[in-house]
Amino acid sequence: MSINWFKYSAPTTFYGLAGKMIPWFAFPAAILFVVGLYMGFFVAPVDAQQGEFYRIMFIHVPTSILSMVFYLVMAGYAALGLIFNTRLSAMMASAIAPTGALFALISLWTGALWGKPMWGTWWIWDARLTSQLILLFLYLGFIALHASIDEPRRADRAAALLAIVGSVNVPIIYFSVKWWNTLHQGSTIKFSGTSMQITMQHTLLTMTIACWLYAIAVVLARVRSIILERERKTDWINGLPEVQQ
Amino acid sequence: MLEVSNLACSRGDHRLFSGLNFNLHPGQIMQVQGANGSGKTSLLRTLCGFLMPDVGDIVWNGQKISELAEEYHDEVLYLGHLNAIKDELSGLENLCISAGIAGIELGEKEALTALRRMGLRGREMLPTKVLSQGQRRRVALARLLVSDAKLWILDEPLTALDVAAVALIQELIVAHLARQGMVVFTTHQPLHVAGMEMRILALS
Amino acid sequence: MKKSGMLDLLVLVIRRDLVLAMRRRADVLTTLIFFVMVVSLFPIGVGPEMDMLRKMAAGVLWVAALLASMLSLGRLFSADYLDGTLEQMMLAPQSLSMLVLGKMAAHWMSSGLPLVLMAPVLGLQYDMSMRSLGVLMVSLLLGTPVLSMMGAIGAALTLGLRGGGVLLSLLVLPLCIPVLIFGTGAVEAASSGLNFASHLSLLGALLVLAMVFTPWVTAQALRISME
């Protein structure tokens, strides 16, 4: 059975499909969040070196990883949009950006919260946090560029090119920041990584999946509203119950 | 030969025109007519390759212009609303550089002859910022004299020109058509080409 | 009328842009003056203790060069965009990437190169050693072209936008961080008496990568912006 992918790449069809998919991601996400947070704050044992404060890692680590993954996914959609000229790909990229930026911000904030009890300062210039900050700038640049261009097609394509250039640069930036950090013998945030307790691993996994499901639900909801906005002059939109109210 | 089939273009959300079909053969001239905002400039820019059409193909001598790219550019001369001359450079420098970018090495003598034919005798060496609007348009139009492009795409070429200059441009167009060249243009002023049948494309 | 080749075109574009830069000397000088001012602001801001300034020198000079480069990028394409010459370049029967490379080269010669030459003079204000000053010049010589080239992508994407120069800087600065790190790393290694060759070779590698990729990417960005 072959799936007609291009059918779903039309905003009209995708709007309906996305609407149906959202609950399938939102509810499991909510459940997993509750489970994960419970495990993180009550079940997982106290860390040998860092005491109770390390628990913030259960939010910090998933959001860090996902913010990086989402940038690549965003760049992937951007590339698809540029190559195949599909409007929906560009809309997906625009939908992912704010969530990716939010995750980067949460990662930085939780990193700071972690740093204060550990190092006594609200900020640490270690390689990972600094890279995370630069990633946030890359997200904000994408959003700013898209917002600054009035003409939708130019906005999509320019932001897409920026996302691709950014994603190619991310390894170079990460490498140079690590280099910079070792040169200056900066501090690093580490937890007892190699000998992480099995419960901690499970909690991390649960939280990561929860964040990921949440992100998918939010991105789908956002892309629906982008579709509504972009296609507002077409006929099929005016036939929708939401619009006819 | 230029073949356009089923061309449709939009600007932002707004569909300008659709279902456009025409063929232009060597020696033919076509005027694009329409009210302000009907998409005349966009059509001309799409023919140049700046704008991507929503639907449809533009074919030059049997190949799509998107595939030909630079080879197609070699055969096109585009004159838009903007003069494409630098204020700080003289008419002579501007002409030599424009020609150079179009791939033609223009000698100084040839350039001066062209500028003088355009009525700029004595002003060839002045920076164009001190010239009047009409004189600057003449510097821009001097490219018509030194170009070997087959297709001229002219967007309101007669703007700011006086009667003598208009007559000169009309002469140049007739000569170009006689050499089996093609012209697509828009204008708000009357443009007469002696002895040639003017095709009209009306954009609603 | 002869037809010219690619190299002729490159030379033509470089000469054209250099002549234009000479005739608008104010633009070129303001970038340089900005550089000098920023470098002079830091001691005023943080105090004149030579020990601290000596430690900050590499970073301050490099950040100032970075900011000055960002400011100068605005004029890479905007004048040509406004008077229509950019469209004509895009209709050239030669590779647009080649034209863009020519513009980048001319831009660097009129903006980046003066910074390279000015930097040692300013380095003396920070009591940098001869060795550090030499390495500073080389690092800027390798790094400022990369800044020009990365910045050109930003300039092409932000053509004609209201946000203008600030938006350009927002987009390009994160991408320039590796250059900043390797550039300052080289100078600091030199001042501590350590080996700076690895930093400089990394800068060199970035320069080569930039020369290979950025003209084409910038040409694509120009096409997107001119639609």
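We just call them A, B and C in the order they show up, numbering each chain from 1.
Just so it is clear, a residue touches a chain if its C-beta (ideal position, glycine included) is under 8 Å from a C-beta of that chain, and two chains touch if they have at least 3 such contacts.
Keep in mind that what you see is a predicted model, and the values were worked out from it rather than measured.
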{"item": "B-C compared against A-B, more contacting pairs", "value": "B-C"}
{"item": "Centre-most chain [mean C-alpha coordinates]", "value": "C"}
{"item": "Relative to chain B, chain with the most remote C-alpha centre", "value": "A"}
{"item": "Separation of chain A from chain C, taking each centre as the mean of its C-alpha atoms, in whole Å", "value": "32"}
{"item": "Chain B and chain C: spacing of chain centres that average the CA atoms, whole Å", "value": "36"}
{"item": "Distance from the mean Cα position of chain B to that of chain A, given in whole angstrom", "value": "49"}
{"item": "Per-residue overlap in chain C, given as positions that touch at least 2 other chains", "value": "227"}
{"item": "Per-residue multi-chain contacts in chain A, two or more chains", "value": "151, 153"}
{"item": "Complex contact set, residues of chain A against chain B", "value": "150-153, 233"}
{"item": "Chain C-facing residues of chain A, complex", "value": "134, 137-138, 140-141, 144-145, 148-149, 151, 153-154, 157-158, 161-162, 165-166, 169, 172-173, 175-177, 179-180, 183"}
{"item": "Footprint of chain B on chain C - complex, ascending", "value": "1-4, 8-9, 12-13, 16, 19-20, 23-24, 79, 82-85, 87-95, 99, 226-227"}
{"item": "Complex contacts: residues of chain C adjacent to chain A", "value": "153, 157-158, 161-163, 167, 170-171, 173-175, 177-178, 181-182, 185, 188, 202, 206, 217, 220-221, 224-225, 227"}
{"item": "Interface residues, chain B side, partner chain C - complex", "value": "48-52, 70-71, 73-74, 76, 78, 80-89, 93, 97-106, 110, 146, 148"}
